[in-house]
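Note that the chains are named A, B and C in the order they appear, and that numbering of residues resets to 1 at the start of each chain.
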Amino acid sequence: MLRADNVSFRYKTGPWILSDTSIGIRPGEVVGLPGPSGRGKTTLARLLGGYLHPEKGRIGVGGDKLPRRGFHPVQLVFQHPELAMNPRWKAWRILSEAGEPDPQVVEALGICHHWFSRYPHELSGGELQRLALARAMNPATRYIVADEMTAMLDPNTQALIWNVVLDWAERRNVGILAVSHDRKLLSRVADRVESMFDDMVAFPENEKGREAA
Amino acid sequence: MNGSSIMHSPSTSLADRLRLMDGRGRAAWTVGLCCLYFASLAVTAWLMDDSGLSTDFMNRKLAPSLAYPFGTDWLGRDMLVRTVKGLCRSLGIGLMAAVFSSFVSAGLGIAAATLGPRVDAAVSGLIDLVMATPHLVLLILVSFACGGGATGVVVAVTVSHWPRLARIIRAEVLQLRQAEFIRLSHRMGRSPLWIARHHMLPHVLPQFVIGLILLFPHAILHAAGLTFLGFGLSPHNPSIGILLAESMRHLSTGYWWLAVLPGLSLVVTVKLFDVLGNRLRLITEPRTSQV
Amino acid sequence: MLDIDNLRVEFTRYGRGGKRTTARPVNDLTLDMRAGEILAVIGSSGSGKSLLAHALLGLLPANARISGVMTYRDKALTPKRIRKLRGREIALVPQSVAHLNPLVNVGRQVYRAARLSGQCCQTAATRRDESFERYNLRDTVRSMFPFQVSGGMARRVLTATATAGDARLLIADEPTTGLDEEAARSSLEYLRRLADGGKSVMLISHDLEAALTVADRVAVIYAGSVVEIAPVFQFRENGHIRHPYTQALWDALPGRSFTHIPGNQPAEDDDRPGCSFADRCPRVRKQCRESAPEMRTVEANRVRCHHA
């Protein structure tokens, strides 16, 4: 089970973005994480993915802490796939960075072979997101954190991506954390929903125009 | 409905077929022509023998003509030969200076971006120090300290020009280190060395090469400038700086071709290097290479 | 208000080894807009919807080749006329604050937008104040810079920039992207109010669900062409959706069956004859691969399909 126990995080000496937050995702389970933006959902996603390290608390799988090197068992899929790719690399290289991708996954996601020789700026958002997901669907992946993965996509591509990843995750007993503000989507894909960020009262915009952290 | 067709359609003219009408095609042509110019300059200098450099008191101070396209100087030496050979020599010096300077830039830039905040502070301080010093003063001091000559010029240009490219490379590497795809690569199990070689190098290398090429004009001009002022190359072998220095004496007496023609040649050569560097950048950037 | 007939936008591209291909990201696009309505233009990324907005505003790159007929208020919309009208009668609601000048405070930018639309200093200042009030933006917001304004407030500022003038046709490019439910809802609400006030709003988005909450008609765009324009009442249990792609998008919603159709949009340089949806269509016939269908009116919908 992927667990974050009493995790607190802030940047240097800034305000606490996460304070004593806990979450658990079982293998093969899909957990939904709704809530308005700016609450810390993305920060939690990054902590689980090993991009950030908590100041307090711990994150681990089973009883072990997450590795700092080697293939990280928790893979993140971001909202903007073009940022997660080297703009000077061609698509085939991006796709195979973590090893040769599973051909069944590539086919299920509808990835065309003639995309392989293209650069990221030549492909559309939907195509890039499918490449990013295929890359994350690695045999060594145990958990996927989808941070607004399909927020920028049309309904058909969104359904395609989710159907494929849910099927794959079920067969391999991979846990998924679905971060999304789309409640209907979460009620479709999630087994259960963590409402820690949702229960918070939406802070009114203060004089400075910024929503208080 | 009073509509009308908005037609903008191209013609497949010769210009179109030769790819002159689009950015990348034009850039490729420009790069080709520039390279042709430099190649022919080098070949011409090599082909010309030194006879044009010998003094010939019969043909002193001749204005430009068919026999002597750049005229002759007060010793009867063929100005065209002197200019071409001088340019080549200046180009050679400029090349050496640009190469050394670029490697120093790359080394210090990468060190500043990857070896921690203290190294970064030290290198940045050094950059600020060198950039704050008046250019020409620094050049003269270093050249003098190194005893002048070709060595002096090369060292002087290296010492005064490395900051510019170093800042660019430092910024590029710093930005890359924060890039999402770099962190993702690490999370997929790739080692920092692998990431440096496969992710960062493709970004930094083009900057480096283009920075090197764009440094040429500066290096050549400064070599000429230093020589003109007497702190650079010796008068025994022709170089543009020497030509210009010597021609100063004769300008007031109306022998304009002694200064103007070598000067113009220098400007044109230097400008073409600049153009070459910029067009190459256009071609190698994946984003602009398809326009 | 606006009529577009068979609009085409072409570019010449260079592939491997300098091979030249012609990309046609907008391919025989036909649609119409009426006064006081919201027309949602729904399509996937790469379907040409943003290029449509650029074509209407004269913002296409210099190497673009355009053909087709565009008519605005019964007069031809030539490049010259577009330059006169944009910012005045045809305005863009930008997608994010990144599209604003980062060095000027938002109050001045809204004022400038009003001035650029042809108003004199006095009127422009009044209009700016009105705009700010209409969108519940406090006076303090006026002196803020774009980077200080975020989320829902940013959307309101962007809408204020577009409505500071007297634009009759507003183009809102992805007004709900990156916003959570609350902010997206208000953003759409403002557009609805503008339409109710008599303006025409073109709502460009990939989010069909959100668009259905405020749109009057929905134009579905696929591979650079509008395949169907349906009134919003067709999107319900016993409504009539006539194009298979529209049906696919509708069925793919999480609130409906969440099913998807496989395949991809044809490449921009694919110039095979026939319907562009043929490769993925569940109802494809021989005729579909031979000739491209024309836009026809079938009862309340306009649709481009041989089967409708």
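The definition used in the following text is that a contact is a pair of C-beta atoms (placed from the backbone, for glycine too) under 8 Å apart; a residue touches a chain by one contact, two chains touch by 3 or more.
Everything numeric in this text was worked out from a predicted model, so none of it was measured.
Peer 1: Using the touch rule stated at the top, which two chains are linked by the largest number of C-beta contacts?
Peer 2: Greatest count of contact pairs is found between chains A-C.
Peer 1: Going by the average position of its CA atoms, which chain sits the greatest distance from chain A?
Peer 2: B
Peer 1: Quick one: report the Å distance separating chain B from chain C, using the average Cα coordinate of each chain.
Peer 2: 48
Peer 1: CA centre of chain A versus CA centre of chain C: separation in Å?
Peer 2: 29
Peer 1: For chain B, write out the residues touching at least two other chains, lowest number first.
Peer 2: In chain B, 290 touch at least two other chains.
Peer 1: Which residues of chain B touch chain A once you look at their complex with the stated criterion?
Peer 2: By the definition above, chain B touches chain A via 179-181, 183-185, 187-191, 199, 202-203, 286-287, 290.
Peer 1: Residue numbers of chain A touching chain B in their complex, please.
Peer 2: On the chain A side, the touching residues are 49-51, 69-72, 75-76, 78, 83-89, 97-98, 119, 121-122, 135, 138.
Peer 1: Name, in rising order, each residue of chain A that touches chain C in their complex.
Peer 2: Residue positions touching the partner: 35-38, 79, 110, 112, 114, 117, 124-127, 151-160, 162-163, 181-185, 187-189, 202, 205, 207-211.
Peer 1: Touching chain A in the complex: which residues of chain C?
Peer 2: By the definition above, chain C touches chain A via 16, 42-46, 138, 140-141, 144, 148-153, 177-183, 206, 208-209, 248-250, 252-255, 258-265, 267.
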